[in-house]
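Okay, so chain A shows up in both of these, paired with chain B first and chain C after.
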Partner chain A sequence: MATEQLVVAPLLVALVTAILTLVVHRYVRAQKAVSALGGVAYVGAVAMLIQRVRSGAGSHGVEGVLTYQLSNWGAPFGITLVADDLSAFMLGLTAVVSLLALAFSILYVDEAGQRVSYHPLYHFMLVGVTGSFLTADIFNLFVWFEVMLMSSYVLVVFYSGPRHTKAALQYVVLNLVGSAFMLLAIGGLYSTTGTLNMADMARRLADPASFGITLAPVLGLSAVLFVVFALKAGIVPFQWWVPAAYRAAPAPVSAMLAGVVKKVGIYAIIRLYFTVFANAAPMDLALPGVVGESTLAFFGPVLFIMGAASIILGGVAAVNRDNVDDLLAYSSIGQVGFIVIALAFAAGGVVAGWQAPEPYGSVAVLGLAAALVYSLNHALAKAALFLASGAVYESVGSIEFEDLGGIAGRMPLLSAGFFVAALSLVGIPPLVGFFGKFLVFDAAVNAGSNLGIGLALLGAILTIAYVTRAWNRGFWGERSEAVEQATPQYGLFATVLVLAVVALGVGVAFDPVVEAAIDAANAALETGDYIEAVGLEDSLTSDGGGH
Partner chain B sequence: MTEFVLALVLGLLFALGTFLVLRRDVVRVVWGVSIISQAANVYLVTMGLLDGSVPVLEGHGEGAGAVTDPLVQALVLTAIVIGFGTTAFALVLTYRVYEEHGTIDLLELGGETDGN
Partner chain C sequence: MSYGDDTTVIARTVARITLPLVLVVAISLLFQGHNLPGGGFIAGVLTAAAFALVYIVFGMEYVQETIFGDEYEPDGSVAGPAVVDRYRTLFGVGLAVAAGTGLGAMAFGKPFLTHTDEVVKPSTEYVAWIPGADFIFGTLFKFHWATAFLFDIGVYFVVVGGLLAILAVVGGE
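Let's look at the complex of A and B:
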C-alpha cells in the first residue's frame, strides 16, 4: 500500500509547504528557507513517484498506473487520484521549472513582496497544478483549476500598479466566465453519463446501451469543456488575455504561467479527449467537414485550425514587439500552436489508424509524444527566457528594446543562458527543442499532411525571425547607456543558466526522455488499463486499446 | 411544470448575466459574472432530479421511490464556496482598479495607454 500513498506525496508536500510559509510569514528568512526546502522536497516527491511509476509499480495488476482512492472509497464513489506515465511526465516538467522559478523568485521579488504573500501563493498554485495532473475525477479537476487560478489571479496583480490591475481584471473576469462554463459542461456530462470519474465515464461511453446513455449530447458538452481548456492553454481564439497577464506578472510567475500552467490545459485535452471521449462508441456525427464516427474526428480538425491560427498569429505578432516580455508572450501563443497541431495529427491518427515506424507504432502515439516533448521544450526554454527577461529588468532596469543593446558583452553569463534557451526554442540540435520540432514534423509527414508540414515550417521560420530580432536588438550591437550602467545580478543569471543547461542536458540524453514520452502517449491511449487500474471492470473490447 | 419554469428561469439568469458582463461598468461586469456562475449552480441542482425524496431510505428501503441525487448538491456547495471567494476577490480588484485609474469605466480604462 505504501506505493499507492506515494501518489498524493507531491500534492501533500506542496500543500504543507504552502501552509508552513503562511505560519512563518512574520520571519522573512524562515519563510524563504521553508519555501526553498518545500520546493526541493516537491522535486524529491515527484522524483520518487516517477521512479515508482516508471519501474512498473501499479494498482489492480496494471503495470505503471498507480491509483490512490481517497479514504479508501472505491471508484466511482470516491475521488480517485491516478499517477500514470502521462501524469508522471507532466509532473516531472513541473518539478524542474517550479524549483528554478522559485530559486529565482527568492532573489528577485522584493523583500516586502515576499513578506506579504508571494511564497504561500506560489505553493498554492503548485498544489493546483499538481492536483490537476493527478486527479481522475472531472469535478475534482474543476476544484484544482480553481485552486490554481485563485493563486494565479493574485500573482498576476502582484505589483498592483495601473497596468497590473488592468491586466488582472481581464484575466480574472475571463477565467470566471470560463469556470462557469466548465461547471455547466461538468453538470451536463454528469447528468448524461451518470458519473464524474473519468475512468468510469470512459467505460460507460464505450458501452452506452447498457448504461442507458445518449451519446449525442456528450459531443456538445465535451466541446463546451474544450473551450475552457483552450482558454487555459491560450490558443487562438482564446489567446488575447496572454500578453497582458504575462507582462503584468513578476518574471518567475510568468515563467510558471507559460511553462507549466498552460500545460495544464494541454494535459486536460490529452487526458479527457484521448483517454476518455475518444473511446465513446461510434456515433453519427453528421457534421460538415467531419469524416469518422469518433469524437476525435470532430476535435481533430478543430485542434488543427486552432493550432494553425495560433502558430501564425503568435509568430507574426511576436516579430514586431517593443519589449522582451511581449515578444515572449506572443511567442508562447505560437509555440503552444505547435503542441496543438501535434495533438491534431494524433487525433487524426486515432480516427484513421495511421501507422508510423517503430518505436512509435502509430501516428496517434507519435503525435502525442511530439506534443509532450514539445511541451517539455517549451516549458524549459520559455521559462528560461522569461527568467532571463526578469534578470535583464533587475540588472538594467528596463526590458524595452529601445533601452537595450550590447548585453552580450556586458553580461556574458546571462547572454549565454538566453542564447541557449532561444536556440532551443528555434530547434537547434542537440537541444531538446530540436527533438520537439523534429517529432512534430515527423508526425506531420506520417499523417501525410502537407498543410501541416507547411505550417510547421512557417512557424519555425517565424520563430527564427523573432528570436533573432530579440537577440540583435537586446544582446548584440552597441551598448546602450542603460546596459553600460547596469548592475549584474549573478544569482539570477545562475538560475537562467541552470535551466538552459537542463534544456541542453535533456537534448543530449534524449533517449530516456523520448521513451518516457512514448510511454506517456501509450498511457493516454490505453483506456482499458486506466479503467482497470482505477478498479473498475473494463467493458471495452479485449484488444487492449479499445480502438 | 417545475422543469419548464426552471428552464425559463435559467435562460433568463444566463441572459441577464451575459447582458451585465457586456456593460461598461466594471462592477456590473462582476455582478454579471457572479450571476452566470450562480446560474450554473442552479443548472447543476436541476441535474439531480428535483421531485425525488430524500436520499435516506426509510423502513429498510421498502417502497423507496426515486431519490434526489445528493451528489450534485455537494458539488454545488463546493462551487458556491469557490464562487464566493472569487467574487470577493473580483470586487476587491475592482476597487484597486478604481484606486489606480480613478475610473471603473471599461472604455476609459481601455483608452489609457499602457505605462508603468
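Let's look at the complex of A and C:
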C-alpha cells in the first residue's frame, strides 16, 4: 500500500500547498515561504514517484504501472489513478518547470499581486495538471481540466487591464465552449461504451461484440474529443487564442501555460488515442483518404495536416512580431506542430506496422518518443524564454523590439540564458532540442515521409529565422536608451539560467532521458498492461485496487 | 445608528421571521447530507442566501458592524471590504477540513478520501426494566456517525465563504 500511496502524493502535495497558501493569505511572507516549500516538496514527491515507477514497482503484477483507487472504490466504478512511464515522464517535466516558474513568480509578482491569490491559483493549476496526468477515468480527466482552466482564467486576467481582460474573455469563452464539447463527447462515450474508466473502455472497445457496443459512434465522439484537446494544445486551426492569452498573463504563468499546460493536451491525445482508442476492434471507416480500419488510420492524417499547418503558420507568423512575447507565443504554435507531426508518424506506424531500428523497434515507438522528447525540450526552452522575456520586462520596462537592443553587453547573464534556451529551440547539439529535432527527423525518415522531412526542415529554418531576429533586435546591436537605464534583476536571471542549464544537462546526459521516453512510448502502446494493472482482466466484479 | 432605514417595515419583519427558518433548514440539510438528500453544498448555498437577505434588507454595514464588530469603510480596492478577508479565511479553512478528512484516511493506511461510518446504540442491558427501553435507547438515542459528515462541513464552509466573498465584493462596488 505504501508504494501505491505515492501515486497520489504529487497531487496531494500540490493540493495541500494550495490550501495552506490560502489559509495564510494574510501574511504575505508566510505565504511565499509555504508556496516555495510546496514547490520543492512537489519536485520531491514527483522524483520519488518516478524512482518507484522506473525501478519497476507495479500493481497487479505489472511492472512499472502503479495504480491507485481513490476512496477505496474498486475499478471500474471508483476513480483510478495510474502512474506509468508516460505519466512519470510528463510529471517530471512539469516538476522542473513549475518549481522554476514559481521561484520566478516569488521575485517577479509584486506584493499586491501576491496578496490577490496568486499562490493558491498557481498551485491549484498545478493540481489540475497533475490530476490530468495521473487519472485513468475519462470524466475525472474533465474535472482536472476544469480545475486547471479555472485557475488559468484568473491568472490570465491577473493584471486586469483592458487588454488583459479582452484576452481573458476570449480565453474563457473559448474554453467554456471547449469544455461543453468535452462533456458532450464524454457523455456520448459513456452511453456508447457503458464505462468511464479508460482501461475498461479500452477493454470493451477491443471486444465490442461481447459488451454489446456499436463502434461507429466511437469514432465521431473521439473526433469531438480530439477537437477539445487540439484546442488546449493550441494547434491550427484552434491556435488563435494563444498569442493574446500568453501576452496578457504574467511571465511565469505564460511559461507554465506554454511549457506545461499545452502538454496536457498532447498527453491526453497520446493517452486516449494511442492507449484507448487505438485498441478498438477493426472497423470499416469508409472515409475518403483513410486507409486502414483503426481509429488511428483516421487520426493519423488529421494529426499530420494540423501539425503541418501549425509548423508553417506558427513559424511564419513568429518571424515578423513586434515584441518578444508575441514572437514566443507564435513560436509555441509552431513548436507544438513538431510534436503533433511526430504523433502523426507514430499513428501511421501503429496502423501500418512500420519497423524502425533498435532501440525503438517500431515507428510507433519512435514517433511517440520523439513527441515526448520534443515536449520536454519545448517545456524547458520555451519556459526559459518566457521567463527571460519577463526578466527583460522587469529590468528594462519593455519587451517591444523597438525599445530593446544591446542587452547582451548590459546583462550578460540573462543573455546567456536566453541564448542557450534559444539554441535549444533551434536544435543545436548538445542541447536537448537537438535530440528532439533529431528524433522527429528520424521518425519522418523511418516513416518514409518525404513531405514530413520537408516540413520539419522548413520548420527548423523558420525557427532559426525568428530566433535569430529576436537575438539580433533584442540582444545585439546598438544599446538602446531603455536598456542603458535598466536595473538588472539578478534573481530573475538566475531562474532563466537554471532552466537553460537543465536544457543543457538533459542534452549532455541524454541516455537516461531517451530511455525514459522510449519506455513511456511503450507504456502508451501497451494497452494490455494498462488494463491488467488497473485490475480488470479477470472479471467486472473483482476488487480493483491493490489493497 | 439604525440599519435598513431605506427598506419597508414589511421587508424587515419578514426577514426577521424567515432568517432563523432558513438557517435551521440549512443546518438540517447539512446534518442529513451524508445519507439523505442534502449535504454541505446545498446547506452552504442556503446559508449564503440567508446572508444575502440580510445584505439586501439591512445593508452590508449591519453585517459587518453588528455581527463581526468591524468598522465599515467602503473602499475601491480589488480585495473589497474588510469582511471579505474573513470569508476568504473561512473558504480556506473549509478546504483544509475537506482535504483533511481525505488525508485522515491515509493515516489509517487507506486510500485518499476513504470514508467510514458506524451506528452506535447504547446498551439496554441495565435499563431493560424501563418501559419502552428498546425504543428509547435503541431507536431514539441511536447515533449514526460518518466521517463523510466532516467532509460535508468542509464543503459547507467553502460554499459559504466563497459565495459570501463574491456577494461582498460585487455588492461593495
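Basically, the second predicted complex is superposed on the first by the 537 of 547 C-alpha atoms of A that agree within 3 Å, B and C clash if a C-alpha of one lies under 4 Å from a C-alpha of the other, contacts with A are read in each partner's own complex, and residues count from 1 in each chain.
One rule holds for everything that comes next: a contact is a pair of C-beta atoms (placed from the backbone, for glycine too) under 8 Å apart; a residue touches a chain by one contact, two chains touch by 3 or more.
All values derive from a computational prediction rather than experimental measurement.
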Chain A as common anchor, with chain B and chain C clashing or fitting = fit
Mind working out whether A:Gly448 is in touch with chain B, chain C, both or neither, as first, second, both or neither?
-> neither
Using the touch definition from the top, say if A:Gly397 reaches chain B (first), chain C (second), both or neither.
-> neither
With the two structures laid over each other on chain A, which partner does A:Gln69 touch: chain B (first), chain C (second), both, or neither?
-> second
With the two complexes superposed on chain A, say which partner A:Leu15 touches: chain B (first), chain C (second), both, or neither.
-> second
Which superposed partner A:Thr165 touches (first chain B, second chain C, both, neither) = first
First, second, both or neither for A:Pro282, with chain B first and chain C second | neither
Rounded to the nearest Å, state the minimum C-alpha distance from chain B to chain C in the superposed three-chain model.
-> 8
Could you give the residue numbers on chain A that contact chain B in one complex and chain C in the other?
-> 160
Sites on chain A touched by chain B in the complex | 139, 142-143, 146, 150, 153-154, 157, 160-163, 165-166, 168-169, 172-173, 176-177, 179-181, 183-184, 186-188, 190-191, 196
Residue ranges of chain C touching chain A (in the complex, touch as defined) = 78-79, 85, 88-89, 91-93, 95-96, 99, 103, 106, 109-115
Once bound in the complex, which stretches of chain B touch chain A?
-> 21, 26, 29-30, 33, 36-37, 39-41, 43-44, 47-48, 71-72, 75, 78-79, 82, 85-86, 89-90, 93-94, 96-97, 100-101, 109, 112, 114-116
Tell me, which parts of chain A touch chain C in their complex?
-> 1, 4-5, 8, 12, 15-16, 18-20, 22-23, 25-26, 68-72, 112, 115-116, 160, 545, 547
